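Next come two complexes, and both contain subunit A; in the first it sits with subunit B, in the second with subunit C.
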Partner chain A sequence: MQIASTEVNGVTLIRVEGRMDAPAAPEAEDAFREVIDAGATRVVIDLSGVEYISSGGLRVIIMLMKSLEKARGRLVICNPSPFVSEVFEITHLSRRIPIYPNQEEALTAAAT
Partner chain B sequence: MYDNLSNLPTVPVAEGAEAPADEFVWPVGAVIEGRYRVEEVLGGPGHSGMGIVYILNSRDGRVAAKTFQQQFAMDHQLIQRFLREAATWMLIGFHPNIVRAYGIDIIEVVPYLFMEYVERDPSGAVSLADRLARRKLAIPEILDLAIQCCDGMVHAESAVPDLVHRDLKPENLLIAPDGALKITDFGLVRCRMNQRTSGPPDDDASQPTGDGSGSDGLGLTQSGSAIGTPAYMAPEQFVDAENVTRLADIYAFGCCFYEAIAGRRLFTIRSSTPMEHITRAREMHRTHAPVPLEAHRPDCPASLDEVIMTCLEKDPANRWADFADLRERLKRVLKDEFGIAYTPRSMPPPAPRDVANQMRSLTLLDGYNRAVGMRHLRAHRNRNPYAFHLALASYFRTHGEPEEELRQLRKAARVRGRERGYEVVRRLADRLVEDGELDEAGALMDEFLARRPDDVDFILEPYVAWLIARREWDRAERLLADHTPSLRVEQMQVQLYRASGRLDRIADLRRRRAHTVIDNLRRTIAAIAPGDQIGWDQPGDPDLLKQILADAAPDIDLAVFDRVEHIYWPDMAACPDFSADMAWLSVAAGDLADPALGAPEPERARYARWARILGHPRRIERYVDRDELRLWTGEPDNPAAAPVLLSAYPSLSEP
Partner chain C sequence: MSGAVPPEDIRLRIRSNPRLLSAVRGLVRGYLDNLGLDAEQRDTVVLAVDEACANAIRHACQGRHDASIDLRLRTDPDAIVIELEDQSLPADAHRLAPRDLTPPSEAEPKPGGLGVQFIRQAFDDVAYHSEPHGGNRLTMRLHHPLDRTLRAQKEDEGDSTHGLAHRER
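Now for the complex of A and B:
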């Protein structure tokens, strides 16, 4: 799994590639914590490169969401694969984390 | 499979069904939660071991459900071990060579781990042990099974950091009728649980006791005190089971497949007592050299003998370094000696629902772990499953897990019966109205009121919310008018007036509220003497209140705040406490700041300023939830938890 983050108009954009499963979870958690520690409050995760997400991967995203909620920030997801999208639907995470089909809309949503 | 099961309609348990008591075992034929029919019970009271496995049938087929015997339900360490096993299994995910874990469910306060049911073959065998008891296996077949076992272990180790199974043995290597080997029973697993990404903590005991073969009556590993099965334990596991590495699993693997090839155990241990059995096993594993496989099995290639003997090295440093390395050696033997290329087993990829179920299970494990960690709640668990499920619902509410909260509320409603507890009706109806499930909410409350017609007050909030959602404004207003005016009633009136567009009435109510609060504050402050203790919600609040009062009531002498001792929640005792007044003033000011209510300037701007200073709406949210949140985030056995628990859940004190 690879994780890269950049800043776009005050929004932190995190791009994840590969399987987001239990072996990858600690790495993702560290990367997300760095983002929080750096003071980010508006975050977009681009999941276009994630073909599979496990319960371990989901938990890391939930932790990021909760950290941002505490900081009165916002987490937005974009470009989920059909598999990832369905997992978010079934777990009802899609009710708690806005999901957009493309990066542009997600960045706009996170910025406002 | 389990996912579908979890979606089946819930049916109340049979009349007279009670929470499992000590020694309780669901009998064959029982229907659990209206979803699973018990077909077979493995283990249980009277058998060795602390676990119990039910083979259940449902409309989607068979599943196995593992739990622990009720007599051990108060053994916190055992519960921790079970929860750790469950969490590990969830994190391992999906692999064709590991028995699949579908998910966790809490049924009448007991956690059940739902797993893949592995069918028996026509001879009735389901494990490597069964097969070895029935016939001699051909070397290529054994090699295929051994490589599959390595495949499973490689996956498990990659998914869970530093995982050590610690109980690999032929009984725990299941074989499906199609020849797929599946590793099971992670009950003694040791791993580096990342507390941030997994469930219960790793806290193991390492006192060896226990076992022998599956047939000598000592066969089941004694969870809670044991750390393995002596016949398959590495020398170092007898000495320090807590700190063994995967190399102990490689030794156990060597024992298993030595036995498969030789047709007999690595060491024959004769003993008359369990302790003697352990002592002798330990001695042999530490000092006796294994008999070469060729002596038992002339058709065993020397290359295979070498691979197995390397697994069985006394010094861990001399064994294969990991299962990936071992797998490659075995594949080479299969290819070189028998001309067979190993074909890994495959499985259908997991569906999103499978992942979601595992996710939900991890969440549930967190909540259950927290709940059983609280002594006061643990004591209530068995005799009051209703309250336990309600408390779990509370945990999930305070942790922002509304779906799991709803599931626990439904379980609370089911285990106890709706007529006896109002708490669940109130909370469940509240959630259902919020979710727009008005018919179900209405039926639930009607049923309650049919039995307790004079108790509408117990469910007033969801009932009024339900009437409002149905636009029955007049009925809601009449109902509220029958109640003595109070903050609680006022909140519902505001909700009603906002929904029905009578905003002027909200403005009247909230102006009166703001004035009442200011008057309260004036009286309280006037009664303060220098040196008194004053209670506040959080640091900084005295200054915030000064700012408000300097604006709202300049006649009040605020210098008194400099001559008192300030105490902050949760340490405040019985002393004048400003947190409630500040919370309700923030609500009143927050509403009056809304331009839609029509408050003229500069009054509106003034209320907006107060609302901002007081931190509306977070202040009231915190005030309402703070005790409950503290209950679930503080020290589990904090003595203060008991009164909080009982005030949040009066049902806990019900018989």
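Now for the complex of A and C:
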């Protein structure tokens, strides 16, 4: 799994590639904590490169979501595959985290 | 489903190492493809089996990587049956209590219980059995009406299947 983050107009854009499963979760958690520790409050996770996600990956996304909510920030997801979208639906996380089909809309939503 | 050929039943023993789970997912995906499941349902079942294995490693094997987990994939006339067995200590009953089978609140999603939620979502019946002195078995059944050809083949294979099961003991 690879994780890279950049800043776009005040929004932290995190791009994840690979599998977000149990073995990959610690690496994702470290990367997300770095983002929080750097003071980010508006975050977009681009999941276009994520081929698989399990509860291990969801746990760190929930952790990030809660940290941002405490900081009165916002988490937005974009570009999930149909499978990843299904996982968010099953867990009802799609009702808590806005999901957009492309990066541009997600960045706009996170910035407002 | 029409024209699908029933795959052989599969029994696989793996070490309780999370890094092996991607290989397990590939095996389960291939097995289900042969049964003609549509991609969406197949992926949901693969995820559930992944979660079941991860739970066994985390809770029953307590994170050890040198325990063994037995995975069995088979078809009954009306169901796909996936069983998971380990010889570790009984999983913490509290983790498998009905409260954990309740979906996390929409208002307050929690990381715990997500794996069980995926399992309940993917399968029609889920049964857990543990032995007091060690050993856990999770049986997950997905109702899957096979067409008449498959039913007939399974019935024809009945005797030899019983023989195989007997020999395996």
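Going forward, the second predicted complex is superposed on the first by the 112 of 112 C-alpha atoms of A that agree within 3 Å, B and C clash if a C-alpha of one lies under 4 Å from a C-alpha of the other, contacts with A are read in each partner's own complex, and residues count from 1 in each chain.
Everything that follows uses one rule, which is that contacts are C-beta pairs under 8 Å (C-beta built on N, C-alpha and C of every residue); 3 or more make two chains touch, one makes a residue touch a chain.
Nothing here was measured: the structure is a model prediction, and the numbers come from that model.
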Touching partner for A:Lys70 - first (subunit B), second (subunit C), both, neither: neither
Which of subunit B and subunit C A:Pro26 touches, first, second, both or neither: first
Which superposed partner A:Phe83 touches (first subunit B, second subunit C, both, neither): both
Partner chain in contact with A:Thr91 - subunit B first, subunit C second, else both or neither: both
Which of subunit B and subunit C A:Ser55 touches, first, second, both or neither: both
Contact residues common to both interfaces of subunit A (with subunit B and with subunit C): 21-23, 54-56, 58-59, 63, 83, 86-87, 90-92, 96
In the complex, subunit A residues that touch subunit C: 19, 21-23, 52, 54-56, 58-59, 62-63, 82-83, 86-87, 90-93, 95-96
Residues of subunit C that touch subunit A when the two form their complex: 18-19, 21-22, 25, 40, 43-44, 47, 50-51, 54, 58, 103-104, 106, 109-111, 114-115, 117-118, 121
Sites on subunit A touched by subunit B in the complex: 21-23, 25-26, 29, 53-56, 58-60, 63, 66, 69, 83-84, 86-87, 89-92, 96
Subunit A partner contacts - residues on subunit B that touch it in the complex: 90-93, 158-161, 194, 196-198, 352-353, 355-356, 358-362, 400, 402-403
